[in-house]
Every structure is written in C-alpha cells, then in structure tokens.
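These notes open a run of structures that come right after.
In what comes next, subunit A is part of two complexes: it sits with subunit B in the first one and with subunit C in the second one.
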Partner chain A sequence: MDLPSTAVLVVVLVTLPLAAATLLFASGRQPRTLTLAAALLLTVAALALGWNVHIEGVSVHRIGGWAAPLGIHWQVTPSGTVMLLATALVGLAGAVYGAGYFLHRAGPEGRMARVFMPLWLFAWGGLNALFVAADLFNLYVALEVMTLASVALVALSARRMALQAAMRYLLAGLFGSVIYLLGVALLYGQYGVLDFDALATMLDPDDPGSRAGAVALTVGLLAKAAIFPLHFWLPGAHGRAEPPVSALLSGLVVAAAFYLMLRLWFGPLAGMLNFGAGTLLGVLGAGALLWGGVLALLQRRLKMLVAYSTVSQFGFAMLVFPLAVSGNRAPVLAGGTLLLANHALAKAALFLAAGTLVRASGSERIGQLVGFSGRARWAWLAVILASAALIGLPPTLGFSAKWLLLQAAVTEGAWWWLAVMLGGTLLTFAYLGRLLELALLDAAPGPSPPPVLTPALLAPALLLALLACVTGLWAFDFELDGKALARLEPGS
Partner chain B sequence: MSLPPGTLFLLASALLFAIGTHGLVTCRHLLRKVLALNVATTGVFLLLVTLGRSGTTVDPVPHAMVLTGIVVALSTTAVALGLIVRLERRRP
Partner chain C sequence: MHPVEVTFDALLLFSMVVLAWQGVHARNMFRAVVSFMMFGLLTAVAWVRLEAPDIALAEASLGAGLTGALLLATLGRLGPERRGPRRRRAMKLSMLPWLALGLVGTTVLLAVTLSLPAPGLGEAVLAAMPAAGVDSPVTAVLLNFRAWDTLLEIGVMLLAVIALWSLGQDVLASTSRLPAPALPALVRVLFPLFVLSTFYLLWRGGHGPGGAFPAGALLAAGLVLALLAGARVPERMRGAPLRWAVGGGLFAFLIVAVGGMWAAGAFFAYPPQHASILIAIVEIAAGLSIGVMLTALFLGGEPTEVRRGRT
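Let's turn to the complex of A and B:
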C-alpha cells in the first residue's frame, strides 16, 4: 500500500489539529475517545511523513499553487521532520497522560479536562506549521498561535501563582514577537522578500540594516526560547503549570523557538554567522548552562528543578553556534537537531513522571517524595532513564547529539567550548544525581491510603524516556545522513 | 533642505516603538503594560507600511502583513485582558 503523498500529509498535520481544536471548543463537550483519536491520527501522519522524507528527501509545497511572494511555501526538511516526529510522540504521550491526570468530570478539574485537549491541539497546529514554514512572516504567525495557546495552557491551573506566571510569560512572549516582527520589517525593507531561499541568496552580511534585522530576529527568539538572560519567565511558567502542560511546553514549545534560531542561522542568515556572532551566542549559552544548572541544584521543589534544568539544557544547545562558525556545519546542525529531539522526549518524560510522583507523594518537596516502591517505581524508572538521556550517557539520543558536537569541537580545536560542554554535562549529572540521591535514599512513606496510579499516569513517561534511550542507536545513521542533510537544508 | 520621503513616518515609528518599550518596562499596572505593548506593535506596523510605500508603486505585501498583524495583535490583547480579569478576581 502506498502512503499518502507528503503534500497531503503536511496539510493534514497543520490543519487537522486546528480544525479539531476549534470543533472541540465549539461543541463544549470533549469525548475522550475523539480527542485521543485526533492525537493518534496526527502521530500516524507524522510517522508517515518521516518515512516519506527518509525515502524522498526534502520537498517544497506551494499552497494553492501560488508562487512567492504572495503565495506561501512550505518546506519539509530533515531537521523539521525530526521536530515534527518529536512533537507527535510527545503530543500523543501528553494527551494520554492528560486524559488520565484530570480525573474528575466536575468542578475546576472538570474544566481543566475539557479545555486541556483543545488548547493543546491549537499549540500542536502552531508547532507543526512552524516546522514546515519557510518564510519569515508565516513563522511569526505560527509563533503567535503557539504562544497564545501555551499561555492559556499555563493559565489552566487556576492558582494565582500560575496565573501570574502565565501573565509574565505572555508579556515576555509578546515582546519577543514584536521584536521578531521588527526584524522581519527591517529585512523586508532591505530585500523585499520573506522567503528563506530568496533571502539566503540576496542577503548581504555586511549591510548594517540587515545586521540590525538579524539582531532583532534573534533577540525576539531568544526571549521566546528563554535563553539567559531572557529566561526569567520560564521557571515560574513551567514549574507552576499542570504536569502535562509543563511537559508539552518544556519539551516542545521552547524547542520550537530554538529550532527557528537554528533554521535562521544555518539558513538565510548563515553568511552572518562569523566569529563575533557565534561567540556572543555561545557566551549567552554558557551563561544559561551555568545559571540554570546552579539554580537547579538549589531547588527544593521537584518541578522547579526540572524547569531550571530546561534553562540549562537550552544553554547547552546554544553552543552549536560557536561550533558552526568555521568548519563543516552539517554535523553541527544534525547534532543541534538531535539535541532538541532528545530534550523533547527526555524532558517531557521527566515532567510527566514528576507529576505522577507529586501526586503519589502528596507533596512537591524533593525530600518528601515517595521512594522506589509500589507503582511509583515505574515513574522513578522513567526519571532515571530520562536523566541518562539528558546527561547523554551512551546509547541514548543525547549521547549521539553530544558526540556530534564534541567531534565538531575537537576537529576545530575549540577547546574552550569543549570544556564548557563537559562542564555542563557534569552540572546536569550533579543536579539529577542529587535529585535521585535525596529522593531514593531518604524516601518518605507518602500519604495513606496511597493515591491510585493508573497506567495512563505511568506508561507515557516511561515510553518517552525509553524512546529517548533507544533512538540513539539509530541516530548514527542520521549522522551519516547528516551529509545528505547538509546538501538538502537551504543555504547551509 | 528637504527630507527624503517617508522620513517623518520612520521617525514616528521609531518613537512609537521606543515609547512602547519604555512603557512595557517601567509601568507597573498590567493594563498599562498591555497598552504599551500595543503602542510598540503599532510602531512596527507603521515601519512596515512605510517601507512598502517607498518608490513610485505601492507594494501590497507589507499591507497584507500589517492586516494579519492587526488581527494577531487584537487576539493577543484579548487574551491578555482575559488573563488580567482572572488575576484580579483571584486577588487575595
């Protein structure tokens, strides 16, 4: 049987979540089977698309047959496909977990249960649109759809702290959007194009106006990706949100903003990635790595620890920019993409397992978590596997990603960045190790009777963590594909 | 001395953006912050339309972008206002 063509799959991936979310919102009811069916369908479509890209490679789609500049181009790239796949897997896991997490059909929890899935589908549609878009303005619209849905998801938890965090997130996110749009305007004023490919051929790296545009685009995205020192909104928003929401936001939404940075700096802005720009971005990354890591070490609440770890891990991802200044950019781009995918799977698993452990323990404090006993042991297993992937132990996906970046650092003789990478890995090891040590050696008995942990609260986290661990085995094929990937990605 | 066409609009857009950014950082009241954000956004819209106007013909693409941008700004403002209302209701 032939799979549907890539063109059909792309349209399904972008329109189905938006249509399903609108219908579910309008109907006011939310049959669990229907929402899970939509999530499953999206996952199957993403897997089919992944297979097509594996066979056919990159493809370009003109929506409605219109050519640029008035028409809109969608581009299915290998790195975008990796992100689409990670989104689908994390999205499905989050949907299943959400169905099991919001138990009551009435009261505030019932409202959360009804609104969670439609909002998540809106964010999913925005993410998918972002991963296939190939022009500056469409990306702005996709970013806004994603941000608005994410803010509403944080505000799902009606506690005042969560609402305050959502407000801070909204203001930071919108200010990021305005600055991004300023960059779009500056570049459009200079060249009269929005399309990535056209921009890549026309861009003059030494023109001050274009430089200002590139700076504005980057600062806007740094705010959205919560890169130090613009990370201030993230720990509150991700730490205070409901667990399935934290998983989706930390795993995917931040990664999407960062992916866009990769897309820009390895695509149309590639000519501007000189020593100064690369070093500046790398220094910001090193700052995030250190700041996020140290604060993660100091946290007493489980979810805040995981949230600060996100700040730290995206600092690590920023190190791709200095490594890509000279030398071969393809393995660096492949490493960066795999790092994002690894983080998406492992961080989502960590947040989902954290939500389960907090429910089982009746407390968020790390010292009061239940130990490796009963059904909670499955959640702990997920935490251990996800930690291994985040640290980058072989054979996880995190190992493959970090290996690609370490190799690039060695071949370029970038010893400083190599030291930063090793230091960051040690810091990750330290705060995750402290969590496991505190929680497992000094376990609390937990409330009695112990809360029921259904398979929906345990299986999604465990499966995501397992995926992060085993996909590393195939990732070295991707490294070989990395050479093909370099030819196929525009402008790199 | 005559200024190049559009200079006034460019200056106005820069001023709006600066006022908006300043307001976003300095104002304490959330409603003012949201309004400041809208002022900054208007500055960017003005820049886009001005850039589309330079030359003898009018480029339709910036206009399309600004139209979409206005819809986006309207939606984000609505969400922000909704959030502010919910925050006020939960004031301890």
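Let's turn to the complex of A and C:
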C-alpha cells in the first residue's frame, strides 16, 4: 500500500489542528463530528508517519524550500515519531472523553464545552510542531503555543483554586520561556545559527558563552518540565484542572519540555554532557523522584496523588542524563523516549479514569471512592493496568523502558543510579498500591442514584492503559534489534 | 561618535533607569503606569538609536501604547484601596541571597554578552533577497524565510484571545469611560488617520520598515482609542463576524502555507512569479487580524451577542 509521503504527513500533523481550532473558534458552534473527525485524521496521519519512519528512518524537510541556516528545517526522528504517536493516542482519547465529559454541562459551564475543543486542538498542534522541530527559535514558538493553550485549559475549570493554579502555571511557564529564550540568544550570538545540525557541528563545548547558553536553555526547560525544585506549579495545575486537561498536561505537555531536553543533550549539546553536568541533572532527578513519591504517598485527594506521581516519574526520567555520560548513548535515549511514551499513555489513562471515578463517587477523597462494582469497575481496571505500566511490570512499555536503562546502568557499573532507579520503582509501587488498597478494600457506596457513566467516560482510559501494557511487547522486540537502535537517532 | 550623540545616549539610559525605578517603586499605581508607558517610549527611542526602526515601531505602539492602555483599563477596574498609595514593603533579610544571585547572574551575563562575536545571519539574508519576493529584509525573514515562526506567533496571539475570552464576558461594558470630554471629538478626527496609517505601513512593509506587526498595533491603538471614547462593537459585528476577523489572519496564513505544498512543492514555498502578491495577501490579512486581536484583548471578553429569533 502506498502511504502519503512523510512531508505531506508532517504538514497534516502540524496544520490540521491549527486550522480545525480556528474554524471551531470562529464558527462558535460545537460540531462534535468535525472535532472527532480531525482527531481521527490526526491519529491516522501519526500512525502512517510511524510506518514511514520505520521504513525510511530519519528525514529532513526544508520549510519554504530554504536551506538552513537561513530557513527552518523539520527533522522527523524515530524518538520524535514515538512522541507524535503518543500525542495522537492521548489526543484522540482526550477528545472523545472531553466530548462525553462536557456533554451535560449547560448554562454558565456551557462555555467549557465550547472552548475546550479549540484549545485542545491548539495544544495538539503545538506539541506536533515541537516534535518535528529542529531549530532553537522555532522550538521556542512551538513551546509558547503549547504552554499558552495549557494555561487556558487549566483555567477552564472556573473554580478559584484552578484559576490560582493557572496563574501560577502561567508565571512559571513565562519564566521558563524567558530563560530559554536567553539561552537561544546566547547561542545565536556565538554561532549565528539556530538549526540543530549546524549548531552540533559548530558548538565548542569548552566555550564559556556556549556553556551559559546551555545552562539557560536547560533551566528554562526544567521549569517547564516541572523538575524538582522547579516543580512547585505542577501539582496545583494538574490536580485542579478538569480531568481530560490533566491527562493532556501530565501525559504530554510536561513530557514535551523534557523531550526537548533529550533532543538538546543528545543532539547539539552532546559534547557538553560530561560527568559534572550529568551528575547534577541526575541528582535533581533523584530529588524529584523522592520528593514527588513521598508527597504522592501522603495525598488524600485522588487527582493530587496522580499529579505528585508525575513529579516523581519525571525525576526517574532525569536519570537518563548521568547514564548517558559514558558508554553507548543510543539505548539510553531509546529508554528515555519509551519512558516518556509509557508515562504519556499510562498517566493520561490514570487521570481520565480518575475523572470518571470522581464523578461516580461524588467526592475526590481517596477514602470515599466507589469500589470495584458496576460500570466503575472499568475505570478501576484502567487504573490497575496504568499502575502496572507506571511501575514497570513486564510486559508493559514501562518495563521495556526501565529494562533498557537498567541495562545501561549495569554495563557502566553505575550502581548508585541503579539503586535510585530501584528505590523509585518501589516508591511508585507503594503509592499506587496504597491507592488501590484504600479504594478497593475500603470502598464507599457512592451517591444514589449513581451518576451515569457513558462509554465515552470509560473506554478512552481503558484503551490507553491497555496500549501502555501491550506496546511493551512490540517495543521490547524492537529494542533488541540492534539495527533499529542504531537507526534511532542521527549521529548516535 | 559625536559628543552630542554620546550625551543623548547617556541621558536616554539615565532616564530609562529612573523611569524603571519609578515604575516599580512609585507611591501610587497611576504614576507607576505612566512611568511604565514613558519607559516604553524611551525604549522605542533606544531601538531607533540602535538602528532597528521596525522594533522601535512595535515597541512604541505595543510596549507604550497598547500595554499602557491595558494597564490603565485594569487600574480602572481595581477598587480605590488598590489604586491608592501602596504599603511599603520592608526589605527582608531573606531577599539578600536572591539579590546577590541576581547581581552575579547579571554580571556574568554582561561579560558573556560583551564577548559574543554576534555573527548573525545578515549576510545569508541579503544573499537570498533576490528570490524573496519583497525588498525589505525584515519582511522577507518574517513572511518568507522564517514564515513558519511567524505563523505560530500569530497562533499564540489568537490563543491569547481565546484564553482571555474563555474567562468571561466583555468587561468593557462595566468600565467607566475616561473622564475626557474632548476625546470623542478628537477620536472622530483621528480614527481615519489611524486606518490610513495602518494601510500605509502594510504597503510599506514590502520595501521598508513597517509590515504586519506595527500596522496591526497601530490599528489596535486607533480602535482602543475609539473604545475609550465610548464607541462599542456594533451589534451586527458581534458573534461570528468578529470571531472570523480575529481568527482570519491565521486561517489565511495556513491556506497560503499549505497551498505552497502543491503549487511549489514545499510547505510555505511561494511560486517565484507570485511570491510578491502572496506575501502581500498574507501581510494584509495578518496585519488586520493582529489589529483586531489586540483590540479583542483590550475588550477583555467576548462582546455579548444579541440573540434574535432562536435561542
């Protein structure tokens, strides 16, 4: 079968969300069919792109036909494609869930339904633009689209706490943007190029100006990725937002900022990733792992627990940096990317299921959730599967990702980082286990009559969680194939 | 450099520092806002001194004009207790490490910045100008070489409007007008000039300083002045027409970008013989849309739609 060329698919992936969002906003109606058709088309395009990349490997596209450094390039990489696929799956699931979740909101809350879809599509477009970008400034603009859409989505829930969280998120996001932009300016002032490949060939790892630039880029992204100790805005924003919004934010938006750090430190800045830099980033990660994990253990509200779990999981992801200092970087990058994809699917599933459980129970408190009964059992099943993926039980995607990282740690004899990884996994097991134990053994009857749980509120979470569990089999196969790994990134 | 220029620059810098200080520390909010607007104007002058007229135009209209108007409108909505003299915050001991950090950071940054060779892409831009379809290098970068960035930036602006409008209804209706009796008459005279200058800047963007962003900002300044003078969004413009004016720029930009895919074989590629006209279309659509979007931000919410017949 002939698929459309990669260039066409990329154009569809970045322009369709923006065009559909503008159309939805301008028409002012809520044609659910149009939104869902766009979401479906985007998912199909992402799958087709995945197939193309599997066959062709890395490809570069000149926007407007202009060559770098004058013009902007898109770079379709396997790691970016994995993220595009995760975005498509979470995007589609969230659009279906959102259509069901905001269905019966009338009156003053009707605006939620009207604004949700355009903002959702804008965020989707920003994410897609980010995952194909290979230009420091273009990435800045894509980050802005993504961040602003996310802030507006948090503010959708008009409750006072959510608005405060949105404001704090906006300020943290702007802080991150400004610092990132400072880094772009420093590197541009040094080398006069913005393109990743051009920068990679020119960068002098020992130049103090370039080091300052790299530090600024990283600090800006650390703030956007909510890495400890810059995580302060995340629990409020993710915990107070409406459930589909939390799913998008925790699953993808934070991951996009982190993915950008991977792209930078395994790409143009690779020469600077020495023992000191790697260890510092790893220590921040260990701090996040511990802090987020312990606070997740202490939470009483379901969505806050899931939000703190995000802080902890991104601490785990930070451990790729110390592991990549010496030795073969390709498997570490593969592990990091799969970890992000696993977290995207599992965390989105967890938040969507949490939203359904909260609606079914009429309370957010973990002790007052309905039990494994009625239709809520499907939501609980999604929680269990997503938990397995987050913990990294075989054969989930999380297991494949962690296995790659553990292997790297063993080969390099990085026993300290190995201990941190095992400790983090135990902590994840502890807080998710506590949730399941409290909720399932101590189940509350829930309100009567029980709220109606439509398939739109149950199926998306379950499917995402299933995908996180099943794709591990395929990913594991893929990773063991040395050729696939060697192809994973240009120059690695 | 001529001594007069040196003196001028020194005075400019000194005034900017003083105004910045006043903006942060002024005893009452109104004075702080006015200091901020003055600071914006002087920043524009600084850009002129740095021979960047495009940035100066944008800074004057956005930094001083529109942001100032937004701040004044915000001030109008705050209660009198928030508007009046501010309580002086005592300098806390815990601020010291941050202050030290800021000082060290600024020094390092200054040292690094001064050591930068700053090569830039100026040469590459000039070399590509014959194929750009316009004569102004700035417009060529914004709407041709790096048009994808510009498109996303217009997306950011549209997002800002959607985000703000999602928070509630038009707040202008409940805001008192500026107490300036001569303003309506003045605006009636000035408004056509604003529109004329907007189109002048749009037309000029092809070969000199100007283009979509300054033109849009100027249009917005005119519209905001009209709103301050008591004008309201006409009822037949409310709803879909206004929303299309807000989103139209991005939509037109997207159509031209995707059109390049089949007309010239690459996303955002302009066929050489039509490059000028396509860029002009994008420029006008974006400029007008930017003007409406900035005004929409000033409105603070979507104007209430008058529903006729059906509900």
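One rule holds in what follows: the second predicted complex is superposed on the first by the 477 of 492 C-alpha atoms of A that agree within 3 Å, B and C clash if a C-alpha of one lies under 4 Å from a C-alpha of the other, contacts with A are read in each partner's own complex, and residues count from 1 in each chain.
In this section, contacts are C-beta pairs under 8 Å (C-beta built on N, C-alpha and C of every residue); 3 or more make two chains touch, one makes a residue touch a chain.
Note that the structure is a prediction, hence the values are computed from the model and not measured.
Enquirer: Check the residue A:181 against both partner chains and state whether it touches subunit B (first), subunit C (second), both, or neither.
Expert: first
Enquirer: Which holds for A:148: it touches subunit B only (first), subunit C only (second), both, or neither?
Expert: Touch partners of A:148: subunit B and subunit C.
Enquirer: Is A:119 in contact with subunit B, with subunit C, with both, or with neither (first, second, both, neither)?
Expert: In the superposition, A:119 touches subunit C alone.
Enquirer: Between subunit B (first) and subunit C (second), which, if any, makes contact with A:65: first, second, both or neither?
Expert: Second partner only.
Enquirer: Of the partners subunit B and subunit C, which touch A:367 in the superposed model: first, second, both, neither?
Expert: In the superposition, A:367 contacts neither subunit B nor subunit C.
Enquirer: Please indicate which partner A:171 is in contact with in the superposed arrangement: first for subunit B, second for subunit C, both, or neither.
Expert: first
Enquirer: After superposing on the shared chain, does subunit C or subunit B touch more subunit A residues?
Expert: C
Enquirer: According to the stated criteria, A:160 is in contact with first (subunit B), second (subunit C), both, or neither; which is it?
Expert: first
Enquirer: Touch test for A:276: subunit B only (first), subunit C only (second), both, or neither?
Expert: After superposition on chain A, A:276 lies in contact with neither partner.
Enquirer: Touching subunit B and also subunit C: which subunit A residues?
Expert: 69-70, 137, 141, 144, 148, 151-152, 155, 158, 182, 186, 188-189, 192
Enquirer: Which part of subunit B faces subunit A closely enough to touch in the complex?
Expert: Interface residues on the subunit B side: 17, 20-21, 24, 30, 33-34, 37, 40-41, 44, 47-48, 51, 54, 59-62, 64-65, 68-69, 72, 75-76, 79-80, 83-84, 86-87, 90-92.
Enquirer: Touching residues of subunit C toward subunit A in the complex: what are they?
Expert: Result: residues 108-109, 112-113, 115-121, 124-125, 128, 144-149, 152-153, 155-156, 158-160, 162-163, 165-167, 239-240, 243-244, 246-248, 250-251, 254, 257-258, 260-261, 264-270 of subunit C touch subunit A.
Enquirer: Quick check: in the complex, which residue numbers of subunit A touch subunit C?
Expert: 7-8, 10-11, 15, 18-19, 22-23, 25-28, 61-66, 69-72, 111, 115, 118-119, 122, 125-126, 129, 137-138, 141-142, 144-145, 148-149, 151-152, 155-156, 158, 182, 186, 188-193, 208-209, 212
Enquirer: Over in the complex, which subunit A residues touch subunit B? Could you list them?
Expert: Those in contact with subunit B are residues 69-70, 137, 140-141, 144, 148, 151-152, 155, 158, 160, 163-164, 166-167, 170-171, 174-175, 177-178, 181-182, 184-186, 188-189, 192, 194.
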